[in-house]
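Chain IDs A, B, C and D follow the sequence of writing; residue 1 opens each chain.
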Amino acid sequence: MKLAYWMYAAPAHIGTLRVATSFKNVHAIMHAPIGDDYFNVMRSMLSRERDFTPVTTSVVDRHVLSRGSQEKVVDNITRKDAEEHPDLIVLTPTCTSSILQEDLANFVQRASLEAKADVLLADVNHYRFNEMQAADRTLQQIVQFYIEKARKKGNLVTEKTAQPSVNIIGISTLAFHNNHDCTELKKLMGELGITVNAIIPEGANVDELRSLPQAWFNLAPYRELGPMTTDYLAAEFGMPCVDITPMGVVETARCIRKIQTILTAGGADVNYEDFINEQTIHVSQAAWFSRSIDCQNLTGKKAVVYGDATHAAAITKILTREMGIHVVWAGTFCKPDEEWFRKEVEGYCDEVIISDDHGLIGDRIANSEPSAIFGTQMERHVGKRLNIPTGVISAPIHVQNFPIGYKPFLGYEGTNQVVDLIYNSFTLGMEDHLLEIFGGHDTKEVITKGISADSDLGWNKEAQAELNKVPGFVRGKVKRNTEKFARDRGQTTITLEVMYAAKEAVGA
Amino acid sequence: MTVAAEPQALNFECETGNYHTFCPISCVAWLYQKIEDSFFLVIGTKTCGYFLQNAMGVMIFAEPRYAMAELEEGDISAQLNDYEELRRLCEQIKKDRNPSVIVWIGTCTTEIIKMDLEGLAPRLEAELGIPIVTARANGLDYAFTQGEDTVLAAMAARCPEKAPVAQEEKDERNAISKLMNFGRKKEDVTVSDSEYKDHPPLVLFGSLPDPVVTNLTLELKKQGIKVSGWLPAKRFTELPVLEEGYYVAGVNPFLSRTATTLMRRRKCKLIGAPFPIGPDGTRAWIEKICSVFNIEPQGLDEREAQIWEGVEEYVKLIRGKSVFFMGDNLLEVSMARFLIRCGMTVQEIGIPYMDKRYQAAELALLEKTCREMNSPMPTIMEKPDNYNQLQRIYAQKPDLVITGMAHANPLEARGITTKWSVEFTFAQMHGFTNSRDILELVTRPLRRNENLKDLGWEKLVRDEAIV
Amino acid sequence: MKLAYWMYAAPAHIGTLRVATSFKNVHAIMHAPIGDDYFNVMRSMLSRERDFTPVTTSVVDRHVLSRGSQEKVVDNITRKDAEEHPDLIVLTPTCTSSILQEDLANFVQRASLEAKADVLLADVNHYRFNEMQAADRTLQQIVQFYIEKARKKGNLVTEKTAQPSVNIIGISTLAFHNNHDCTELKKLMGELGITVNAIIPEGANVDELRSLPQAWFNLAPYRELGPMTTDYLAAEFGMPCVDITPMGVVETARCIRKIQTILTAGGADVNYEDFINEQTIHVSQAAWFSRSIDCQNLTGKKAVVYGDATHAAAITKILTREMGIHVVWAGTFCKPDEEWFRKEVEGYCDEVIISDDHGLIGDRIANSEPSAIFGTQMERHVGKRLNIPTGVISAPIHVQNFPIGYKPFLGYEGTNQVVDLIYNSFTLGMEDHLLEIFGGHDTKEVITKGISADSDLGWNKEAQAELNKVPGFVRGKVKRNTEKFARDRGQTTITLEVMYAAKEAVGA
Amino acid sequence: MTVAAEPQALNFECETGNYHTFCPISCVAWLYQKIEDSFFLVIGTKTCGYFLQNAMGVMIFAEPRYAMAELEEGDISAQLNDYEELRRLCEQIKKDRNPSVIVWIGTCTTEIIKMDLEGLAPRLEAELGIPIVTARANGLDYAFTQGEDTVLAAMAARCPEKAPVAQEEKDERNAISKLMNFGRKKEDVTVSDSEYKDHPPLVLFGSLPDPVVTNLTLELKKQGIKVSGWLPAKRFTELPVLEEGYYVAGVNPFLSRTATTLMRRRKCKLIGAPFPIGPDGTRAWIEKICSVFNIEPQGLDEREAQIWEGVEEYVKLIRGKSVFFMGDNLLEVSMARFLIRCGMTVQEIGIPYMDKRYQAAELALLEKTCREMNSPMPTIMEKPDNYNQLQRIYAQKPDLVITGMAHANPLEARGITTKWSVEFTFAQMHGFTNSRDILELVTRPLRRNENLKDLGWEKLVRDEAIV
C-alpha cells in the first residue's frame, strides 16, 4: 500500500480509453463498477467535448460479483453494436474489475460472432501499466490488429506514395495541448512539402490504418504515446521514424533535418536549411527573444523542471541551451523512461530526479529555492504556496490545459508560446518582487518558505536589521549562504562583518 | 410542452442501471470538511485515487485530511499483510495529523479481494489508540451520495449511549445549544431552556454545512423544539448521545441505511417526514416533527408564504416549464416535488436507488403536490438507462434536464438546456432560507440560454443521424 | 494643474511618432529637450524592435532657448535626409517645446528646399490633443499630403481594382496587440476573397498612399486611429468605410455582413452567411464556449470594464451578450469619444463612466465588488490590491501586451483568445476562492477591501460567527446587503434572525 | 581586438550632443525611496508624467510618494495663478501623506514658462508649515543622474548649520552612529568612540541604498574615520550638520553642483578623490580621505587583493576584451577605470557631461590605470552623437557596448553584445563588497551570448546597407 495524495499518471484504463475514443466511430465498453466511469466526465468537462463520449460501462455490481458477468458483457457489446454501429468495440476492465480475472478474451470472442463491429480486448496489465504505457500499448494493439486484418484480406497498402508523406503518431484526446500541437505539425509538414498520410489516433478511422505503410516515415513527437506503434511499423515494414520532439527552436531544426535525411534517402531532393533559417531568425520570435535584452536578464536564473518525459526534457533543453537559464534539477514521473530521460537532459541540468512522489518533489522545490518552476498543475500549487512563479508544461491534464485560443507547444508557433510561458513566469514573479521592493502593495507579505529548518546560528541585531533590508525574494538565499559561510569558519554569531565577508567570498 | 392530462398515480419503473454517476467515495470530499477532527483513508486502487483527484473540481492542492491507501499488486495478490500495511499508513497519519478518528473507506476493490476491514479495525484501533470507523462506500452496492449513508451508519454505532451526568460535560458535548446561547449568562441559558417545549430528545442526521445546521436548528427552536444533537457533529468527539427511545429525523433522502441502523441498532424512533428542501418540504418536515411531539406549529403558513413571495422573481422563470431528471444524487424526488410546486412539469425522475419506505412521506407529498398543482404524475425511473433516457429526452424536449456531468455539455451542444445535478449536492439547499439558492441554480441555465437565444446558436454539432 | 499619479493616454507627440515610425522609411525629428526622447526606449524595449527607432531629437537646450532653434532644426532635418534617405521626414515638437511657439512651419519649408525627402510638420495642438487624437490626426495629415501630391503629379490611382479590395486602416506600432490583429484581419480578408490593397500605417511605404482610392472600401477597426483618415477618404473619393470592430462572434459577423453589403453594392456577388455560420459554430470555439457548462457558471456574475473606447465597448458587449455576464459599469478614458461609447454600450451595462482619473476608477471598482475586472494594466494592479482577478484588455501598453505567441483580439481566432482571457480571469479567481474554502493554502489571507467604510451597525456574536463562516469572497457582499436590510428596517443590531431574514428577502 | 599601442594622454572630445539618455527627473524614482519622509512633486507636462510612468520599469502601481503636477493649457498660458495651483496640490499632499518635506522638481517646461519656483516655495512653505525644497532637474541643462545633483545641491542648503549641544539631540540626529552602536550600552558607545581617530568632521554626499551606506561607513570606521553624516539621510529630518570647515567627500561622479554648493555656500572642504567604485576606486577613495586626515591606512593592500581574488572568476571572463561606453549616467569614467583594471580595453567613454575639476582625481586614476595596465588611453567623448558612435562601433567591433535602453536591442540584433547602463544606476555598486555585483552585471551579456554562441544566431536582422 502507498499513502497517496496526488497522482501524476492516471490508471491504465484511462490510457486505453483515451486511445479508443480518439478514433472516430470506435466504442469502448468498460467492465467496471458504477463510479469507475468518470472518464466520460473528464472528457466532457475538461476538453469541453460536444459529443457524447463513446464509452459504455458494463456495470459490475453485487449481482455480477456473485454470478459472473459473461452474459452482461456480451449483451452490452452486442447492444452497442446495434445501437451505434461502431467499426470497432474495445473492451477494457479497470483496476477493480481486472482482479475478478474473468475470461474477457472469451467474452470478446463470443461477442465477435454476433457483432458487425470488430471487437478487441485491450491487452494491458492494470497493476503494472500506468496511463501512458497503456495508451501506447493499446494504440499499437489496434494498429497491429488492422494491419493483420488487411493482410489477411489482401487490402494492405504498402506501396509508398509518390510524394513524400508522413504518419503523425500519438495525437490523442485528453492530452496536453495535443489539438494545437497537431494543427502546428500539419502546418509544418505542409510547409515542408510533405503530405500527411494519417494522423492517429485522434480523428482517424480504423480503416485508414491499413494504409499506414504507404507513408515515407512516421513522426512520433511524444515519448508517452506512439513509440510502440512506430517500433511495430519499423519491424514490420522497415518504416523510418522521426522521434525528435520539435519543441524549441533547436530541436525543431534537428527534427526537420532528420526528416530531410530520411526523405533524401528515399530519393526526394529536399534542402530545408533556408526554411529553418528563415523560420528561426525571422518567423519565429524565439531566437530573437533569446538574444534580446528581456532575456539577458534571465541569464543564470535558477529554475527547476518537472513533468512527463517529453515535456520536461524539451523544456530543460530550451531553458538551458536557448535561454541561458540555470536548470538546477530536471525530473519526470515517467519512471519507465528513466534511461531515455537521463540521456536527453544530460549536460543541461545539475541533477536528475526520477520520482512520482509529489511530496518529495515539493520538498525538493522548496529546498532548491528556484526563481521559477516549470511543472504540472501540482507544482503550480507548490509554487503558489512558496510564492515562486510557475509555468505549467505537462499533464496531468486540467481544464486550463484546454485553452480555446491557439497555444501549441510544438513547431515554430510553439516556440513563441513557450517563450511567452517562460518569460511571463519569470517576469510576473519579478513584478511581485518589484512591488515588494517599491512597496506598491500595502497588503503584500514577505515570503516564507514552507520547508526550511530554522537556523542554529545567532544573528546579532545589526546583522538582523541588515538582513531585513534584503528583498524578500533573495533573503532566504542570503541567509543560508551567510550561515554556511559562518559555519564553515566556526563562527556562531553573524555580525555585519561576517555578512560582508560572506558576500565578498561567495556572493551571498 | 403543455400537458393537460389528469394526474394518475406515481409510476415506478426500473431500467438496466446503465447510467453515469459519481463513485460513493466522493463523500469524503464533504465529510472531511464537515468533521473537522477526522481523517479519511480511502482504501482502493489508482482508479479511485485518480477519481478523487479529478472529479471533485478541486485538486488535492496541499495535503487535505483525506488520502488514498493505494493498493498495489502485492496487496491484490495477498503477498502483503493487510494489517501491517494499514498499520504503517495509519501510524504515519497519526504522526502527521493526529486526528480524533480515522475513517476507512472501503471500495469495490476491498470488497472483491474481501479485505476484512471490519475485522482489522478494532485491533488497529486498540493498538493505535485512535478510533477507526469503517464504511463500505463501494460502487458495487451504492451510488454517489449513498457514500455518506455508509459513513453515517457506521458512525451511528459510535455515538455515546448515555447522556453524561455532569452539567459541564453536557455543555461541552452539546455544541449546538452552546452556539445558540453563546455569550449569555448562566441565568439566561436557563431562561432560554424554558423557551423549549417539553419533548423527548431529538437527534437529526445528515451532513449539512454549519450555517444550514444552525438555520434548521433555529427553525425548530421557533416551534419550541430542541435539537439534542446532529449526526455527524462538527467534531467526532462531539457525536450526539443516542439513548434508546430517542427520536431521530433525517434531512437527506439518501440516508436509508443510517435510518435503519438508528432504528434497529440504537433503538431510536424514526420520524418519517418529507425532507426540508424547498419551503413546502421544510414546512412539511417541521409539521411532521411537531405532530410527533404533539406541538401545534406556529406561523408556518406565514413563513412559507413569505418565502414564496421572496422567490417569485425566480419562480416565474420556470412556471409552466418542463424538467427531466436523469438521476444522480438521490435528491431527485425532493427536488421534483419542489419544482412541481413551483409550477413545473416533471417528465421523468431518474434516480439510482429508490427506498420507498424511507422516502414514503416524501413520495406522498410528491403525489399530493402533483394533485394540487394539477400536474401529471411523473414516472420514477430507478436504475435508469442513460441511452434510453436520451431517446426520451429527444422525443419529449424538456425545457431543462438535470443531469450528471458526463451528459451536460453534449446535451447543451444539441440545444437542450441542462443543469448539473452535482451542484445541488454541494449547494446549501435545505430549509426555508436556502430555497432561493436552489432556484438560483435551477434558473441559471434558463436565464443564460434566454440571454443567448437571439444569437441563433441553438445547435452546435454538425448534422447527425440521431439514433 | 492636476495632481496625477497615472495617465491612461500618452502625450500627443507619442501619437504622432507612433504613426510616423509605423511607416517604412519615414524619419521623425523631435524638437525637444534631452529626456523627452523616451519614445525610442519604449519602442525598443516594449515591442522588442530589432531596428533602431527612426526618431532623432533636435535637442532643445539652454543655448537653443536663448537663441532660437531654427538653424539646428533645419540642420538636423537635412542631416538625416542625407544619412538615412527617408521618403518623408515628420517634424514634431513635444508639450515642452511647443510652448516656445517657434515658427516650425517655416523651418520645414526651408528644410524642404534642401532635402530630397518630403518634410512635414505634424499639425497637432499638444495641450488639447492626447496620444490617440494626435495619432489619428497625423495619419490623416500624411495621407492627405500624399493624395494631394499625387493629384498634383497626376499619378493618383482612383480606378477601383477588378476584384473586391480593402484598405486596413489604423494598424500601428506600440498599440495593443495590433500586430496579431493585423495578421488575423489579413487572414479573414483572404477567406472572404478580398484583396488587401494597403495596410496603413504599419509597414506601409508612403508611395502606396496614392493608391488608396483604388480599394473598394476601408476597414477601420479601431476608434482611436483611423476615423479621420476614413472620413477624409470618404469625403474625397466617396469610399465606404466599415468601422465595426470585429471583436467577438456577434460583432465579427456584423462586420462581415456590412462588408457584404458594400461589396454587393459594388457589383460583387458574395454571400458570407455560410462562412459566418461555419466559423461561428465550428471553427471558432467561442459560440460553443458560451453555451457550454463552463460558461453557464459565469451567468450573472458581476464584472466591470474599463479601457480605450474600442476595447471597452467590444468587451462589454461580449460579456453581456455572448456570455450572460452582468457588466455593472463600463467606462473609458477616451473622453472625446464619450457619445460614441455611450451609444455602443447602451443596454449592455448598468452604468457608463467616462473619466481618466485613475483614483476614481479604483474607488468605483472597490465599491462595485465585481467578480472580475477587465481593464488596463492599472486596473490589474487595483485588482491585485483588492484580490479581484483582472484581464487586461486595453492600452496603455506594457511589455506584456507584446506577447510573442499569437494573441489577436480581432477576428475568429480573436474570439477564442478573448474567451480564454475572460474564462481564466473568472476561474483563476475561482481557484483562489476554492483554495480559501478548502484551506489548501495555509498562508492565504482573507480578502480585505481597500476602500470600505466600517459599519455603524453592531453584529452580535452569533451573527458575527455566522458571517465568518461565509467564504471571504462573498462576505463583503453579504455583510453590506444584510446591513442595508437592517438599516432599512431601523434595526441597530444584527442577529442570526436578521441575517436569515435578509437572505430570504433580498438574497443577501 | 588586441591593441598593443603605447598609452598616450587622455583625449577629450565633444560631439553634437545628439544622444539618448533619460530625463533628469528620473532621480525621483530612487530619491523618494531613499528619503523616507519625503514627497516629490514633479511640475511638468504630460510628457514628463508619461516618462515617469513608462521608463522606470515599474509603473506607478498604487500611489507612491511622488506625483506629477501636470501643467494644463491654463497653466501654460498663465491664465491660472501658479501659487494658487501649487498651494491646492500641496495642501492635498499634506492632507493625504503629511510628508516632512515636499521637493518640487522643476522641468524644462517650468524653465520655459519661467515659473518662479524658488520665489513661490518660501511663501508656500511658510503658509503650509512644511519645508519645500526646489530643484531644477530639467533636461535643458542636465542629463539623467544629474537630477540627483540638483536635488542634493538644493538640500545642502537645508542642512543644520550648528551641531546641537545636548547629547540626546545629537544621538537623535546622528542616525548612522546609532545604527553602528545599536544595542550597546552607554559605556560601550564611549569605548567605541575611542576606536575613532581624532579628525575633523566628515560628511559624505550622494544617494546610496542603505546597505551601501552602512558598508562604506564601516570601511572608513576600520581606518578610525568617523562619518558624521550623509547627504541625503534616510529622513529629511536627519540631514547632517554642516559647519564651516567640515570636510565633505562625494561618492558619485555626477555630483559636481552639489560639491560646488557645499564648498561655496556651506564653506566645507571638498576631498577630491576617485569614486569608491571597484576595489581599486574604493581603495583610492579611502586612501585619499585618510591622507587628508593624516591617517596611515591599515590593511588596504590585503583588502583589495582579497576582493580581486574573490572576483577572479568574473574577471577572467572579460580580461583582454574591449568595451565601448555610449554615455548615459555619468558613471562612465569610474566604470571604465575599473574595467581597464580588470584587463579590458576601453574604446570610447561617451559621457553626457564632463566636469574635469570634480572628476580630476578619477581622471588621474584612469590615466594611471591605463599606464599600469598598458592599455591605450580611451577617448572621452562628451555630449556624444549616437549616430556617429554607431559608425565607430560597427568599425571597431567592441566585445561589449554599455549603452542606454534605446540602443540595446537593435545592437543585439546586429550581433553586438550590450549591457544597459541604466542597470548600474540602480545596482548596489559602491565599495569593496559590491565589486562582485558590478562584474555580475558586466559579464552577464557575455556569459549569455557565450551560451548562445553555438546556435549561430548572430545576426537577427535582414541584410541591410549599413550606412
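Methods note: a contact is a pair of C-beta atoms (placed from the backbone, for glycine too) under 8 Å apart; a residue touches a chain by one contact, two chains touch by 3 or more.
Chain identities (UniProt): A, C = Light-independent protochlorophyllide reductase subunit B; B, D = Light-independent protochlorophyllide reductase subunit N.
None of these values were measured; they are calculated from a predicted model.
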Steps needed, at fewest, to go from chain B to chain D via touching chains: 2
Partner chains shared by chain B and chain C (touch criterion as defined above): A
Selected pair, greater C-beta contact count between A-D and A-B: A-B
Cα-centroid distance, chain C relative to chain D, in whole angstrom: 38
Chain A and chain D, separation of their C-alpha mean positions in angstrom: 49
Multi-chain contact residues (two or more partners), chain D: 61-62, 64, 405, 408-409, 413, 460
Multi-chain contact residues (two or more partners), chain C: 45, 48, 50, 288, 292-293, 381, 385, 435, 440-442
Chain contact topology (line, ring, star, complete or other): other
In contact (per the touch rule at the top): chain pairs: A-B, A-C, A-D, B-C, C-D
Contacting residues of chain A [partner chain B, same complex]: 1-7, 10-11, 13-14, 33-38, 40-42, 44-46, 48-53, 56-62, 65, 76, 83-84, 94-96, 99-100, 127-128, 130, 359, 377-378, 381, 385, 396, 398
List of chain D residues in touch with chain A within their complex: 33, 57-58, 61-62, 64, 179-180, 182-183, 210-211, 214-215, 218, 306-307, 310, 405, 408-409, 412-413, 418-420, 432-433, 436, 440, 444-445, 447-449, 451-452, 455, 457, 459-460, 462
Residues of chain A that touch chain D when the two form their complex: 249-250, 280-282, 287-288, 290-293, 295-297, 299-300, 321-322, 324, 434-435, 438-442, 460-462, 465-466, 469-470, 496-497, 500, 503-505, 507
Of chain A, residues touching chain C in the complex: 45, 48, 50, 285-286, 288-289, 292-294, 381, 384-385, 399-400, 403-407, 413, 416-417, 419-420, 423-424, 427, 435, 440-443, 445, 448
Interface residues, chain D side, partner chain C - complex: 17-18, 20-25, 43-47, 49-51, 53-55, 59-64, 67-73, 75-76, 80, 85-86, 88-89, 92-93, 107-109, 111-113, 138-144, 352, 387, 390, 404-410, 413, 460-461, 467
